[in-house]
Amino acid sequence: MKIFSTPIPGLGPGKTNTDFPVLLPFKGHASGQTGDLRFSRWMVSASPMVMMIIAVLALLIPSVAAAQSKFNLADAFEVLWRWLPFIVGSGFVMNLLISFFTMAIGTAAGVLLGLGQISLIAPLRKFCWFVTQLFRNSPWLVLLFIVMLTFPFEIEIGETIISIPDWMKAVFGLSLPIMANIAEIVRGAVQSVPTGQWEASESLAFSRRQTLWQIILPQCFKRMIPPWMNWYAILTMATPLVSLLGVEEIVTLSRQAMEAEDNHPELLIPFYGFALVIFFAYCYPIARWTLRLEERYSVKL
Amino acid sequence: MSENEMNSEQPIVSLKDVHKSFGDLEVLKGISFDVKKGEVICIIGPSGSGKSTLIRCINALNDINSGSIKVHGREVHDPKLDKLELRKKVGMVFQQFNLFPHKTALENVMMAPVLVLKQNKEEVRKRAEDLIRKVRLQGKEDSYPGELSGGQQQRVAIARSLAMNPDVMLFDEVTSALDPETVKEVLVTIKELAQEGMTCILVTHEMGFAKEVADHIYFTDNGVIVEHGPPSTFFTESSDPRTREFLSQIL
Amino acid sequence: MLGSFSQFFLDLYESNPKWNFIYFYDPKQADRVLEGLWTTLELSVVCVIFSVVIGVAGAWLQTLPNRLVRMVVQGYIQFFRNTPPLIQLMFFYFALGQFTPTYSPDGWLEIPIISNVGWAIISLSFFAGAFNVEIFRAGIEAIPESTKEASESLGFSRLQTYRYIVLPLAFRVSLPALNNNLVNLVKTTTQALVIAVPELLYQMVSIYNDYSTSMNACMLLLFVVYIVLVGILVFGMQRWERAMNIPGYGS
Amino acid sequence: QCTNDVWNKVMKRGKVVVGVKADYKPWGYRSTSGELIGMEIDMAKDVAAAMNVDLELVPVQSSNRMQFLEQGKIDMMIATMSDRVDRRKIVGITQPNYYTSGTNIMSPKALGLSSWEDLRGKPVCGKQGAFYNKIVADRYGAKIIAFTGNAEAKQALRDKKCIAWVYDDSSIMSDLSSGEFDDFEMPLASEDDNPWGLAVPLAEKDCIFGHFMSGITYNMHQSGRLIELEQKHGIQSTNYLVIQKYRNKDWLEGK
Amino acid sequence: MSENEMNSEQPIVSLKDVHKSFGDLEVLKGISFDVKKGEVICIIGPSGSGKSTLIRCINALNDINSGSIKVHGREVHDPKLDKLELRKKVGMVFQQFNLFPHKTALENVMMAPVLVLKQNKEEVRKRAEDLIRKVRLQGKEDSYPGELSGGQQQRVAIARSLAMNPDVMLFDEVTSALDPETVKEVLVTIKELAQEGMTCILVTHEMGFAKEVADHIYFTDNGVIVEHGPPSTFFTESSDPRTREFLSQIL
């Protein structure tokens, strides 16, 4: 705890030494008050990796910055700790939810679009190509802005009105570029199968549909998994974008938490640092796994 | 004469003045020949002379610009022709084997009869096992193509074609992707097939093999048949200078 | 002429308040759009250059025998690849931005030597650079050992082999992936909005915050500009790829 | 030609959906457990109670609140929105206004700024979506750097990335009194009294919904409820509410 | 005797009891032979018998575990040896050609003399053009490798090695990646080289060619030389059963 040895608000030198913070009444969140030991307890309970990252961050921060005001970085971490259940439970979970739904919709639409691109019907093929390029090449944020601000919030099907929550609109907005990129994966994988396979099955009297589903797609399925997972990770890392449109995910909620804690600028490091850490903890294993699969499949075929 | 009527003297495959271009490049410039039931013919010629193109046209993998190709008296390049029907009658084996890598040897052989001919799976399995034995691969039924040597893969490819019970088999340089030591295994298999009376059209560089197995040899160059004849006379009495030059290089 | 152009959009706004193309008749807003466009272009160009430099340097560092250096580079790559660029931007600017040295032109206002544009450049360049390192490394690894052996057996030194054979080839191999990444980088510059970099998206959002009726028009302009911008970029990159194509290789 | 669609919808389903802020302490913000609290939330509760319907709160942001109302995602909003001419074209801002704020800046004492003109050509931090960004830029030529949140804006001020932070005067006041901005001051006279308005869909402004809201706001002024809430939430009291209470006083009262 | 001293009777290349393992796999188990100036020797043997490894050891592309390889009386696997000096003396041509794909045929030939020997560019160009003519590729100077046929590429590779004026040339199955018709072009080139007195060590499967061109033939199997002799006796009188079996398969 040497690092955070700046004076603790409310525990000035005038007080007696027996005033152990742990004996103080457990206060809500009156700013300026802090239980020092709560922070250290949290430090102990944190995993080694979090500890290390925190330590690195702490080392980065010269004491002058912390001494500048009464509210110091240790307080800020304590605030983060208090808000953690809310930020993770309502915020990060929303990021994950958005990523799952987006991936599901994007994959389904992307497969259709990708197969459309290798269709024998020229207009369909061109149309699919155009749609793919359009959504592949526009910035996600721009697509999101457009979908979020111009799409209706509810749709009427006959009598029933289905209201679309904000995050669902975000899902549609993110699905567009995902769809386009999945389509490229499908098209690329199909085209990477040697033409000999098409010819061999053709000369065995397979129909085009049979060739596609029995011969070609099973062969590219494995090849599509690593890039697919890669796009999932990219998507997950794009979900904070929806915060700019007010969807209540981790960044939005972090911001709201900071607002509720009077916007102390010291809060920025723990809150945004935590967001980085949690995304890293989620995406890094996926990336490793993707790499492993890629190696495995590239040897096999 | 009805086109459907079979006549033992009528050729199974019959080409008349076949022309074929890729864009500006005329690859076949009028090819004609007939193949009778049970006959084995070999096509030889320099690289790029259109041998593969020719053989692929018979199978309708390529279309032609003019002329006529008939299999069993039916015009192959008639747009109304059911290509699937044709391909059930004509088997083809490729230089690059083109086995389906995600299926075992036995599955490779069984797939087409089950999926295309909708035959009973158990019966097909029995026949497929016989075919695997026939190409001397017993014990390799459950191996994946990636686990087989080139020669073994090529024999699976032959069995796969045979499983459709074709009337004619087309072979396009089936040994040229193999190393010298495994070529022999494949040639033995084809020789046995020919001896059993299968009608075969082969493109090959293996002169010794052609000599041994062919009923008739055609030499193509630059899109035309330059010379042809039975092997007994073809190698010794060829009059065409190009053929002689080619033979001198190969032999 | 110009007057009637502006007048048209003014009239459109009067009759249709949701379609307020304010930047077509209010020179102030037009200036903001142009400034945003210019910043976007500037940001893109500078980031592209830096990220390529970072990529080359990182790929080179990864070939060094020093394990520690390689681990640091790996750590860098993994950090930037596996965290959201949006949060990276915020973290860089607000957390690390506190410690950048400043200079003071007027006593109090201490202008950090790294402005928000500067931090955006740093953050985005390192973000794209992490991918570039991997891309270049893959390109270098794609050069067959045998090609390097050939140049070695001709007496090339290690450095010469690198300079004349490996790098030119690796660069060509990397080009498609590199271009993809750079296009992606240009798209990611929109996210610099969160640290108030006055790029196009920031300006458009500011305009429609100031004039709430202009939202649809702003979104439309944004979409069109980016499609055109990225379109030009993709087209240019493809031309470049084709120019770099070695005759006889690739399509 | 009132259709009263939204009003009828609200009554039919027995629930009113109110857009409020979740990032504007003490008007609307979150408790640690994630609940929305604040002065405007209390107002929304009063509204729901007066309509005798349930209340659903939807957090909105400055940049999307009008779209939400336009699209019908919310039935009405009490979301710290300033009453501006161009906004009235899009949403139905009902009268009277329920609060007013002035715009001011927080700037370091060391700079000794004394007039708005001192901002000309200088970088000034602000928050995206605040309408007075434009005024300060247009009128005094400040270079506005607008961030997505207030924490960011204040951090930028403290990092000396700008010479001042432009915001509501009441908000600045409470920051200054927190003791963490001892080196800073609010040196200028507040600009522009910005009345805040609550809004219903434009089509219902002069229909039941709009009139009902006008009535509620009037009552809140008259009964002193707003002053009560102001005190409850520790907002620096402003003259506006007192004057409004006085002006709306029942002239027969006490006679 | 000084190691530098040249003696016409002293062998140019001399191997003594060379052993080489890859991990646990012993590939060369004691190989010894000498090659005199102007001699042409051929190495034949089944796949995996260590022929390529042997030839690569002579060029120091692989190191050896024990034994000695001397070129011009200098120990090749002496750690103090300047590998560049060695490689200026020993040219090598690979099975896969390994041309530099981003350089034209002429540039491929010119690169090493200009970059490694620092010779004058214009003189090198003249010599390179002569070499291109020598391998009968006039007119193809400015073609890229991808635009040349396999046989043409291989001849460029030979010219590229010759441009360094080596004393010995090593050929590792230089025709086995070629189609039968282009093999001859390459063999003709090598034959001319041999007739001009170049010292050559060839690994080949082309028995006819070996018979015609070699002064001495070595048959390796399983890491040792099983049989050797001049071609006149080698093919007819070989006593070793493995050699006989191998020859029967190939011939």
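For reference, chains read A, B, C, D and E in written order, and residue numbers begin at 1 within each chain.
Note that in this section a contact is a pair of C-beta atoms (placed from the backbone, for glycine too) under 8 Å apart; a residue touches a chain by one contact, two chains touch by 3 or more.
In this text the structure is predicted, and so the values were computed from the model without any measurement.
Annotation of chain C and chain E: not jointly contacted by any chain, touch as defined at the top.
Steps from chain B to chain D, taking the shortest chain of touch contacts, total 2. Comparing chain pairs A-B and A-C, the larger number of C-beta contacts belongs to A-C.
Remark: chain A and chain E have CA centroids separated by 58 Å (rounded to whole angstrom). Look at where the CA atoms of chain A average out and do the same for chain D: the two points lie 32 Å apart. Chain centres here are Cα means. That of chain C falls 38 Å from that of chain D. Each of the following residues of chain D touches two or more other chains: 63, 67, 148, 152, 155. Under the contact definition stated at the top, the residues of chain C that touch 2 or more other chains are 90, 94, 98, 193-194, 205, 215. Counting partner chains per residue, chain E has no residue touching two or more of them. Pairwise chain contacts in this structure: A-B, A-C, A-D, B-E, C-D, C-E. Chain D meets chain C in the complex at residues 62-63, 66-67, 86-87, 89-90, 108, 110-111, 122-123, 128-131, 133-134, 144-148, 152, 155-156, 159-163. Of all the residues in chain A, the ones that touch chain C in their complex are 57, 60-62, 65, 134, 137-142, 145-146, 149-150, 233, 237-241, 243-244, 251, 265, 268-269, 272-273, 275-276, 279-280, 283-284, 287. Of all the residues in chain E, the ones that touch chain B in their complex are 46-47, 179-181, 184, 205, 249-250. On chain C, the positions that touch chain E within their shared complex are 144, 146-147, 149-157, 160, 164-165, 168-169, 172, 246-249. Per the touch definition, chain C reaches chain D in the complex via residues 17, 90, 94, 97-98, 102, 107-112, 115-116, 193-196, 202, 205-206, 209-213, 215.
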